[in-house]
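In order of appearance the chains are A, B, C and D, and numbering begins at 1 in each one.
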Amino acid sequence: MPRVLLTGFEPFGDEADNPSWDAVRLLEGARIAGHRVATRCLAVEFGRSLRQLRAAIRETAPALVLCVGLAGGRAQLSLERIGINVDDARIPDNAGRQPIDVPVVEGGPDAYFSTLPLKAMLHALRAAGIPAEVSQTAGTYVCNHVLYGLMHALRRQRRVRGGFIHVPYSPAQATAHPGAASLPTATVAEGLRVALRAALTTTDDLRLAAGATH
Amino acid sequence: MPRVLLTGFEPFGDEADNPSWDAVRLLEGARIAGHRVATRCLAVEFGRSLRQLRAAIRETAPALVLCVGLAGGRAQLSLERIGINVDDARIPDNAGRQPIDVPVVEGGPDAYFSTLPLKAMLHALRAAGIPAEVSQTAGTYVCNHVLYGLMHALRRQRRVRGGFIHVPYSPAQATAHPGAASLPTATVAEGLRVALRAALTTTDDLRLAAGATH
Amino acid sequence: MPRVLLTGFEPFGDEADNPSWDAVRLLEGARIAGHRVATRCLAVEFGRSLRQLRAAIRETAPALVLCVGLAGGRAQLSLERIGINVDDARIPDNAGRQPIDVPVVEGGPDAYFSTLPLKAMLHALRAAGIPAEVSQTAGTYVCNHVLYGLMHALRRQRRVRGGFIHVPYSPAQATAHPGAASLPTATVAEGLRVALRAALTTTDDLRLAAGATH
Amino acid sequence: MPRVLLTGFEPFGDEADNPSWDAVRLLEGARIAGHRVATRCLAVEFGRSLRQLRAAIRETAPALVLCVGLAGGRAQLSLERIGINVDDARIPDNAGRQPIDVPVVEGGPDAYFSTLPLKAMLHALRAAGIPAEVSQTAGTYVCNHVLYGLMHALRRQRRVRGGFIHVPYSPAQATAHPGAASLPTATVAEGLRVALRAALTTTDDLRLAAGATH
């Protein structure tokens, strides 16, 4: 059966858990639209995360790669449109490194669009009652690093599509962040399943406005 | 068995559902800390909502009253500290009335504090992994109207405690509000159960900072 | 000439300046609608701030009292509707005290509405191109303490009106708070002048919706 | 004297003014760091705005191009890091067109980084007391369209640097948007002057973290 590679991240910063991995692990081995899901947990480290991702791509030879990360403070599943070729870290990564304005890939293009059908995924998520939005930036930390590096790795394999989804805090995490939004792990996992199914069954993306005026 | 009266609201504005009632109804008949829960759904109408609430208090003779309403846009369960003696409606209520700067109770005091042990409830919610906060304002619409009217109705029955909790959008509702926070009905209902248990088992409230600098 | 008492606050927390006093001091001695403005700078201390305010009221015998404080993070001039009888401090005051759930005035009523014509002030500010809103909570820190204490002090002098306006960070302060809103001191001072003129020339407040649904 | 080209935009959407042009026009003819400022007002139209911009570049042969646009709701001057090759309009432009997921330049690269020294500009703005931040997205509307098109036009003229700054509402505009941040035109114009001076006098950008974790 063809495979989907689905990755989450280990905890970072002051957090004891990372809801991206907590949700992703629930889908290990799941069958979605005729594909088997393989999961991996990536380090929150510049460089090492990408080496892990590339190794996982070699091991699983997936038809589609979806990486998932935490966006503490965002309220909805964020379908990332683009990864950009810069690391600019406000806080050190889990190995203590804090690159500032360094390219992800020396000499690489400035950015890569995700090749997932974002609008079809957005439509499917909303139809399933799961709040989602298209995001125009994945930031400049390890999540963007992984998205850019993923699309760079896939640049010559145009049949393998790739992209990134940011997820909110878990409710338990949000108890330490007054006023912060959250979604339960079960809701996020269901959202990932819905998004993957839409991605795997969509050839031509929908035409659905989901931009930002700024 | 002594009773708890728990109320939600019917839908209002552009919303087809009201997650306050969707969560409250799940607790109909539940037994919490030696009390039986009776539930009611209130109209989103100035005046009528309070007549319904007072009738429900007479019918159920509760030991504690907790009213629950929707605060679309808030991300956590909001334990309301105070109801104020003013109706100032930005949108008409479900009967088409839009009072502006009219007292809830002519000649009543300017405000009533909730008599629930908010800090103990906050502590219990967070310990249970459910994001919550104390709120210093319930607004000036029907929710505040009901909170003020509840505390006015209870002003001579100091053994019957009362208060109000605002809850976020449901995930399905949030799909129509890009960027808006939400919590599933099951999470909210579990939060109400935890909050009620804390309220029913706490005599002297905790001393726990949960104020706002502004 | 009858007088207006206008107060600001000294700096607190991590801030080196307090834009409330920076704006207020610009109006010292100003003549507005036939009144002379007297200004005072209050301590950011529970208790002492109110003793200073009561002394200033005795000294100036004002026709109207307007207290002004910083609400770092708010974007517009906030006309406060009500002060509530509780101190609940998230951070210590400038004397190191951090009261939690203590009344401002032991045995006082739960709250006092401002007696200023908020809607007329709001209308005048907007007409003058100065962004403003009515706020339903002044928090539970020293600003609310002063508003509640002011209205308590004036409770038997119904001819002397009183209220509170919260102002945003200054632009210079906002440089240390990424993403935070700000308004220049000159804009705030002009807003206070406009608000005072409206308050002094309005007998019956306007009927203008400015409430909150929650 | 070498020239700087500085552009603003005409009003769009429901707004009667555009603070980007209101601020930019104040700098017409100004001399900054040995350069003369030439200003232009661009149409809020996909396509036409870029034709106007390219014509202005031909006419003025500038050493540096800075385009400025409104980001209603943002609170600080936003130094845009990157323009991306997509138009995805949530609202029609001033000519009634609403492209969805169309490239700005057919066959162009996915994105172009600004070539301005953003961190030096950020540092200079903060030192001058003007709130500013680096932004990782200029959206997908006409502002991003112009930024992408500008960098595409300059791609073979590496000595001509270019970039984009988003500015907040004016205070007068914010009176129609309760809770929205704003900055006066004079503050914005002063910020543009400070930013241009920093850009014109900086060869190697500062190393200063200003990224986003997501």
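One rule holds for everything that comes next: a contact is a pair of C-beta atoms (placed from the backbone, for glycine too) under 8 Å apart; a residue touches a chain by one contact, two chains touch by 3 or more.
Chain identities (UniProt): A, B, C, D = Pyrrolidone-carboxylate peptidase.
Model, not experiment: these values are computed from the prediction.
Asks: Pick same or different for copies chain B and chain C, depending on whether their interface residues overlap by over half.
Replies: Shared-number fraction above one half, so same.
Asks: When the CA atoms of chain C are placed over those of chain D, what is the turn angle between 0 and 180 degrees, to the nearest 5?
Replies: 180
Asks: So, what's the distance in Å between the C-alpha centres of chain D and chain C?
Replies: Their C-alpha centroids are separated by 37 Å.
Asks: What's the distance between the Cα centroids of chain A and chain D, rounded to whole Å?
Replies: 29
Asks: Any idea how many Å lie between the Cα centroids of chain A and chain C?
Replies: Comparing mean C-alpha positions, chain C is 46 Å from chain A.
Asks: List, in ascending order, every residue of chain C touching at least 2 other chains.
Replies: Where chain C is concerned, no single residue meets two or more other chains.
Asks: What topology does the chain contact graph adopt: line, ring, star, complete, or other?
Replies: It is a ring, because the chains touch in a row that closes back on itself.
Asks: Strictly by the criterion at the top, what is the full list of touching chain pairs?
Replies: Touching chain pairs, listed by label, come out as A-B, A-D, B-C, C-D.
Asks: Along chain A, where are the residues that touch chain B in the complex?
Replies: 75-76, 125-126, 129-133, 170-172, 174-175, 177-184, 187
Asks: Show which residues of chain B lie in contact with chain C when the two form their complex.
Replies: That would be residues 13, 69-74, 78, 81-82, 84-91, 98, 100-101, 109-113, 119, 134, 136-141, 143, 166, 205, 207-214 of chain B.
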